[in-house]
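You will see chain A twice below: alongside chain B first, and alongside chain C after that.
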Partner chain A sequence: MIQIAHGIVGRSDLPIPEWLFGWAAAVVLVVSFVALAVLWPEPKLTRTSWRPLPGLSRVVLSRPVDLLCGAIGVFLLGLTVYSGLEGSQSPTANFAPTFVYVIFWLGLVGLSMLLGNVYRAFNPWRALGRAVSWVARTAARAPMPAPLSYPERLGHWPAAAGIFLFAALELAASDGDAPQTVAIAVLAYSVIQFVGMALYGVEEWTERGDGFGVYFGLFARISPWEVRDGMLGVRPPLAGLAAFQPLPGTVALLAVMIGSVTFDGAAEAPIWTGIAPDISDFFQTLGLSPEKALEATFLIGLIAAIAIVYGFYALGVRGARSVGGGFTDRDLARAFVASLVPIAFAYVAAHYFTLLLYQGQAIVTLAGNPFGFLASNPLGEAGTDIFGTAGRSIDYGVIGATSAWYWMVGFVVLGHVAALTVAHDKALTFYSDVKLAVRSQYWMLAVMVGFTSLALWLLSQANQ
Partner chain B sequence: MSKGGRWGLVALAVAVVVAAFLIARPGDDEGDDQVASTVTAETQTETSPTATAPSAPAPPPDAPSATVIELTGHEAGEVSDIKVAKGDRVRLVVRSDAPDEIHVHGYDISRDAAPGKPARFSFPATIEGIFEIESHEAEHEGKDALIGRLVVEPS
Partner chain C sequence: MTLLAHAGHWLVNAAYFAPVVGFLAWLGWTELRGRRERRG
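Up next is the complex of A and B:
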């Protein structure tokens, strides 16, 4: 067996038992057919009933809170880089890998879905960009517009590329969990952020070009929280997805999001562990070192998984086009892409739920000694155990394997229902003819069932 | 379809799905308390040697059920799975032709191994999941450190 293990993972999931796989797949089919019969005939999510919450808004969107969140973000960015570069180089003893791969990458997905776009408030690059722009404006005593306007064609492509590179670092790079690698990747990403913000403006870039801004922003659209004209309010959950305006590259971004989790799941399954050594051997015969050959193999697997997800969605879109209405593939692909967001959420939640639950606990111990076994701790002796949590180990008893299975399957089924709802509602506004709308949804339904079955199958194949 | 009809259909679907779950789920009523008591009993006997003297060999030296992994140059060749149910005792012996430290992830138990002095593990499987067993020497040398996997299934 070969595998590039997440160096920070102490426990992996047992595959879900056959009976649960069969039951969940049956539920998905029942849900789908019931949905066809009972979903509303008039669009509901688009006629949003957004309700302002002035009291809460005054506190949450106040200047002190804004500054505090930005400062926390910048502090965590600095801590991650410093700890990664100067601290212990053991992935489990250093703050940086667990913070980036577990707390930031997975924790923020859940927080965005529950609390809205929290990443925007804590985004360290946006905070720094705004600070620099404030200083420049004050010094020049004049408004400083961005030198370039963000090109329409660029759309979400930089974001798709950013998330792809992150996934490649996490899943294909052999030292992707090494603290130093993490710190250097963070620095490189920071440089790209500063260049992007300098060229196109802070808000423009963070909303479209920043991979994490777009990624967490999409999940935040599932949540009931929305800011309109500087006022915080509530809307029905999922309504944010109905109002979403896709850009060039959005479909590719969703394919990267779902495809990378698919690959991470498949990489633990016999289908991949069976063929990976052969691909790796092939690369070695081409003259690559064993380590490089393994990286190339995993990179190919990652790209293949993304391509399969993209191709499958494109197939569904082709089908939906065949029902008529005079739309192009591109129109349809963009129209229904928002319905893939709950699917992407279900993939992340089902695959990484236990990792977040278990490894997430380690952050308390790591934060108490953020520099690992650093020779000269900047905080002195006291800085090796700030919270008195040094000896604490991860409590694996918080949830058993059986409960974890139910949670995973629950996420997948709920994601399926949410995706169907969003696609159905979109079809009603997109097609002027209700009959065409319904017929287009047979195809979208097939796409969703396909993605959901794949998610369940991956859960049943994990670590076998 | 009328509003009442819709809700009726949803209620019917929910009923079918719940019924299917109850039928499909394997019965787990028997044996539960029994297992729980064995776990506590075994934990008590085992925790003291584990905590105080990590290098001391565990009580039953070569129990017939122990899994044996042979390491040559810190590598096992084939990665073996040790499958147990939660509450069972994990018995593992790792023989090595060179000094090594063997680590069971998750349970976070380490034992030293040396030529003629195998690393012996004997502990109750209290956490469900899959846990990697690694050779720390192989890890230090940058080799594939995985020598086995502990698979603990729900009882």
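Up next is the complex of A and C:
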């Protein structure tokens, strides 16, 4: 997957060195910061209006659409598991790896940002949980409350653990892209979801404990779409982040989200490729096989990247505390954590932009032949070509390397300016003194500039 | 010598992080100056 992710050619025709884009981005952030301090003296995102859209709501949130979306989600879950277990074990020929790692994991991020929480509608585990709940309620002819109330201290920790395990499967496991491994991982995740929903209730678990539910739900808060009391409406973009109430584990979840992308990029940098063999050798001296030693090495790299991201945010929070106001590190970390969501989006969008554009095309062919068997398969399984797209190949000319770079830089800059805006707006509601609010944001600006520099450096490592 | 021989590589890498290093240095300096003024 990593190889595909960065399968773009060199950008030799850029007018300035790549590192100069980082400087320009930093200037854009500083100018944005000054503009916000001067032109945005009162909170706007938190005191914003939500406009209901009754006509659209009647269609989009109707029972048939709800059932159809759930059924599609369940069908795709079944197809992923079945093709992974029974289909060809070639990662590029089988439907499961491309669907999970490209369409689901990356495609839904963009869709959530544009269209709101679409994952909630298609979430197969939620659909199945609701179906079981409906059957149980009908059979019992009485309401069936969840046996346990969701513990407050659990917060987003299960979600953070879920996303971390997914990232470890993708980036550290040696056979993480093997169709059978993907299918087994999906089944294991399904069991966890069913247990969670059975204990704490379908909606409660989906909102807090389901890693993907929380992950896509956070990105959906960037979008202008919001459902309130069963009614679809619109709000200004980013307003959903201003209203976000963090839970225990939310900061860790965001650190996992940004840190995992950071490691994926850094894994190609000479700084990592230089030390990784030494770490792997060390694990082999402890008795691990070369394969397991490499997995342990990459797991350590992933954890280190997450720790660096967490540490850098903690540094910004510590700095913000130093300006005064009487807040603790914990108060400040939770207050500004929503500003990390646009950064996480910028990282995903910039880092995986080309992967989604290139490998995403393969899903059309794979959907026509999900098991990936060729007609001339020596095992005798017949290949299928439902949509007549078997001969279709990936069009790598869909975007040039230079254009892709400009798009990626654009994602990084826009994401960080959005993050700065969310943090600034939050500071205005958090601090009673406007001057203190602006001073606290010097430190958040440092965090944003740091993440911007890191993002552009990571992108530059792809072509070294 | 190795450090100098590879200066082209690490200087380019360091250049990416120059803005944040510069900004943090400025922030640290203003913080120190503020503390001194408050004491004085």
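Convention: the second predicted complex is superposed on the first by the 415 of 464 C-alpha atoms of A that agree within 3 Å, B and C clash if a C-alpha of one lies under 4 Å from a C-alpha of the other, contacts with A are read in each partner's own complex, and residues count from 1 in each chain.
The rule is short, and it goes like this: contacts are C-beta pairs under 8 Å (C-beta built on N, C-alpha and C of every residue); 3 or more make two chains touch, one makes a residue touch a chain.
Computed from a predicted structure; not experimentally measured.
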Handout entry: Touched partner set for A:Ala26, first chain B, second chain C, both or neither
Key = both
Exercise for the section: In the overlay, answer first, second, both or neither for which of chain B and chain C A:Leu445 touches. Expected result: second
Practice task
May I ask you to decide whether A:Ser453 touches chain B, chain C, both, or neither, giving the answer as first, second, both or neither?
Solution key: second
Exercise for the section: For A:Val34, select first, second, both or neither according to whether it touches chain B, chain C, the two together, or no partner. Expected result: first
Problem - Touched partner set for A:Ser393, first chain B, second chain C, both or neither - result: first
Exercise for the section: Using the touch criterion from the header, give the chain among chain B and chain C with more contacted residues in chain A. Expected result: B
Practice task
In the overlay, answer first, second, both or neither for which of chain B and chain C A:Thr402 touches.
Solution key: first
Practice task
Scan A:Ser62 for contacts with chain B and chain C and give back first, second, both or neither.
Solution key: neither
Practice task
Once the structures are superposed on A, label A:Ser49 by its partner contacts, choosing first (chain B), second (chain C), both or neither.
Solution key: neither
Problem - Overlap of chain C and chain B interfaces on chain A (superposed complexes) - result: 17, 19, 22-23, 26, 30
Problem - Interface residues, chain C side, partner chain A - complex - result: 9, 12-13, 15-20, 23-24, 27, 31
Handout entry: Parts of chain A lying in touch with chain C, wherever the complex brings them together
Key = 17, 19, 22-23, 26, 30, 270-271, 319, 322, 442-443, 445-446, 449-450, 452-454, 456-457, 460
Completion exercise
Listed in rising order, chain B residues that touch chain A in their complex are 1, 6, 9-10, 13, 16-17, 20-21, 24-26, 79, 86, 105-106, 108, 126-132, 144, 146, 149, 151, 153-154
Handout entry: Touching residues (chain side chain A, partner chain B) in the complex
Key = 1-3, 5, 10-14, 17, 19-20, 22-23, 26-27, 30-31, 34, 37-38, 354, 393-394, 396-397, 400-402, 463
